[in-house]
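In the two complexes that follow, subunit A is the common piece, with subunit B as its partner first and subunit C second.
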Partner chain A sequence: MKIAVMSCIHGNYEALNEVLIDIDRHSAEKIYCVGDLVGYGPYPNEVVKLIRSLDIPTAQGCWDEDIVEGLNACECSYPSLLAEKRGKLAHEWTNKEVHPEVRQYLAQLPHTLKENNLCFVHGSPNSNHEYLLPEMDAFAALERVLASNADVLFCGHTHIPYVRTLDSAQLQVKVHQPQNKEERSISFNAPLKRIINVGSVGEPRHGRPNATYVVYDTETEEVILREVEYDYKKTCQAIIDRGLPPIFAWRLARGLEFAEKADDPTHVCER
Partner chain B sequence: MWAILSGIEGNLAAYEAVLADIKRQRVTVEELYILGDLVAAKPESEKVIKRIQNPLSGELQPQVCVGWWEEQCFALHGLGSLAEPTELIARYGKQTAKLLWDSVSRETVQWLRGLHFGFFELDCLLIHGSSVSVSDELTPQTPPWQMLDRLQRVQANSLFCGRSGQVFECQLQSASIATSVVTLDNKQPVQTVTTLQKRVVGVGNVGREAGKATYTLYNPKSARLDFKTVFYGCQKGFGS
Partner chain C sequence: MIIAVAGSLGAGKSQWIRQQIAQIDNQPIGYFSPQTDSVPIDTIFLQSEYPQLQIYQTGQEVELIKSQIDGTTTYIEIPWYLNLSEIEPLLATLNCHRVGICSEDGNNSELRKWADEIVLGAATISYLKMSLDIYRGILTGEILDYDSLATFWLELIQGAYGEVIRAKAIFDLADGQSYHGNFISGKTKLNFKALNLPPWLKDRPDRFSGFEIVGKNLDKQEIARTVRDCCISSEAIAYYQQQMKNSLENRTEVEVL
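Take a look at the complex of A and B:
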């Protein structure tokens, strides 16, 4: 069965529409979404309405959570101070804009979706604020997939799609406890695991303005990273017309989030 | 040589017994680390703190970091990252929360607030729980990938922890993994990644079990470990 997985729509209705058409073309039977329906973009209510009308199983993103719980995450959610300031503006705008039933819907979204050997999260199994970057330590990356109890871990949050293969993992463990005279030696092997980051429909950061998402075939295990053109200028105009910070239109048109990197992407906010 | 202990849990007699045992060692102990849980919901907690703050002449000044019980004190006093001591109440109930409140003064809590979260010395992380949190409990049963992750997060080769109270050493050897990344614009070839030998050490617990304390001696030059058990009080005379 072919499935489509998407993330980080961020109130970009135009992009979502075009991605849905592209999903149809690929005859994916089921669509999953790993969150961030709102934030940055001009149409949070409309995006949520469309996702709900199509009954798309959705995991909660960090933006969805923050709109519900208030911005109580610490500055660690943002890669830099500048990003934080901009993020706060977008948060205030979205917070004013969303309808009560949209807020309610976002509140009840689960942290994790599970389907057989597939797991769907926004950030990581630990937190929807954790970034699983492609250059993350391979053992740490493997630990995240193992923690999800799946073979394939779908995530978003970084807005740049990738497929990471983690194979032939081996580890030898020697356990010594004073109450047991003998040392125990155990070998651990992990079969092939994958992390599939599905990119971002509405706020891409791979260097082009196009929407990205992923088609996955559960039988052949083939992954297709999709890049879909849409009329991003329309969204840019709406960002400005609706009174969001113009910087969001600027970066949407370029598919960039400047050169900002989180200091410690694995940092999990405990606040 | 380093002496590493954890979990005094307001048991002054146990702490005294361990200090005496450290003095008895033939090798000199140059550093004394206490990996949290100095206090617990025990009336003697204040006395333990006073003893740690004021070592006798000739004794080492202990290097102390916060543990789970300290974190609960912060929550009780509204000073921590947690708004409510939910974990404390869920585990031990309201009665214990009240007892902890009565056992540790506000002034002491302020002092505890100034403690480190852990220590990074040479290639060793010394911490109560793990690099993830003070509640993270590593035991010999913890999946080894998880242990490796806790080490990799801070790029340590050894992690000394006290949360479980158990005494153990888990050596993680010859870890390897083949990894590759495909992006929209790039296909990176498969790389095999390996790690150096690493280990997680449970340093034991001083005060939880009456009459029996455990702690760890570590020689950072030779990387040798020596697990110590001290019997005291009612069972005096059984020393190991």
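Take a look at the complex of A and C:
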């Protein structure tokens, strides 16, 4: 079965529309979304309405969570003072705009979706604020997939798509308890696992304005990273018309996103 | 000897002077850049590289004339926005050697007439002075967050706030260092260099920092707002300065025997 997985729409209705048309062309039987429906972009209500109307199973993203619970991201979620100030502006604007039923919908989104040996999360199984970057330490990356109890972990959050295969490896864990002098050693083989980051529909960071998502074949395990052109100028104009900072439009047009990337990819928010 | 240096925007006047100073051994050297006293970016940059450089300010023209007697080689850098006719009375009294730094397009007829010596500089085209906006800002006392500055500078030189042809700046950052930023359209990319100045690790810096941006249709309001958003609060400044002091105190001294 072919499935499509997308993430990080960020209120970009034009991009979502074009991605849905592209998914249709690829005959995907089911669509999954791993969150961040809102934030930064000009159409948060319209995006949620469209996702709901198509009954797309969706995991909660960090922006969805923050709109429900109030901006409470730890400081390290922002790479700079400027990114933090812009993030707060976007949060205030979105918070004012979202309709009560949209907030309610975002509040009930699950942190994780499971389908057989597939798991869908926004950031990582630990936190939807954690970044699983492609260069993350292999042991830590493997731990995240094992924690999901799946063979393939789909995520988003970084806005840059990638596929990472974690080859089957022999792992040895040594456990030392202070009350026992003996050290216990456990060896086991970790099976082959994959992390598939599906990129971003509405706010790419790969240097072009195009939307990205993934088509996955559950039988052949083939992954197709899709890059879809859309009328980004319409979204840019809407950003300006709806009173969001014009720099958001300038950055979106260049595929620069808003650089909300944690310095430490293994960081887990402990709030 | 006095050498007056003129040239178009971003032609490389400071760069040429820097190269000349590097070749002078054991001889007093002076520097004067008229009408740049409020935003003395080039002056500070040169002085940080050559602390022995004698700087002359506007109003010190008499001292400048006297400097010829004791064998000082003094460079007068004439900013591109200053008409050569405006500075001619001073230059005429100094009997100086005139160097014109020309752009590659050869559109420098006035400069060629004025100069005793022509040097091909870094600028590819010479702009009409009237068509350009200049935006200067003084940031003395402010400390900027490096990552925010890097984002702002990239946006600036890529045209987020209008077409930028030339940008130069001195910024104080959280590590206590003063940094020189330099951009010429089509010539340089992201370029920041720590100045050879003592680190400022107590309160807000009492030394110049600021910027000069030249271009077309500059959104000055948005530039000012973004630069303000890059500035660190007093509490954060105190925190970073303490961190820097601690790391300097903990630095292990290695003695070579």
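Please note the rule applied: the second predicted complex is superposed on the first by the 251 of 271 C-alpha atoms of A that agree within 3 Å, B and C clash if a C-alpha of one lies under 4 Å from a C-alpha of the other, contacts with A are read in each partner's own complex, and residues count from 1 in each chain.
Note that a contact is a pair of C-beta atoms (placed from the backbone, for glycine too) under 8 Å apart; a residue touches a chain by one contact, two chains touch by 3 or more.
For clarity, every value in this text was computed on a predicted model and none was experimentally measured.
In the superposed model, A:K85 lies in contact with subunit C only, and not with subunit B. In the superposition on chain A, A:R194 makes contact with neither subunit B nor subunit C. Contacts of A:R205 after superposition on the shared chain: neither subunit B nor subunit C is touched.
Ranked by how many residues of subunit A each touches, subunit B and subunit C are led by B.
Within the superposed three-chain model, A:P178 lies in touch with subunit B and out of touch with subunit C [touch as defined at top]. Judged by the touch definition given at the top, the superposed model places A:I247 against subunit C, while subunit B stays out of reach.
Contacts of A:H122 after superposition: neither subunit B nor subunit C is touched. In the overlay built on the shared chain, the residue A:H159 is in contact with neither subunit B nor subunit C.
Residue ranges of subunit A in contact with subunit C, taken from their complex: 79-83, 85-86, 246-247, 250-251, 254, 259. Across the interface of their complex, subunit A is touched by residues 145-148, 150-152, 155, 158, 160, 222, 226, 229-232 of subunit C. Here subunit A touches subunit B in the complex through residues 134-135, 137-143, 146-147, 160-179, 186, 188, 190, 206-207, 212, 223, 225, 227, 266, 268, 270-271, going by the rule given at the top. Those residues of subunit B lying in contact with subunit A across their complex are 81-82, 132-133, 140, 143-146, 148-149, 152-153, 166-185, 190, 193, 195, 227, 229.
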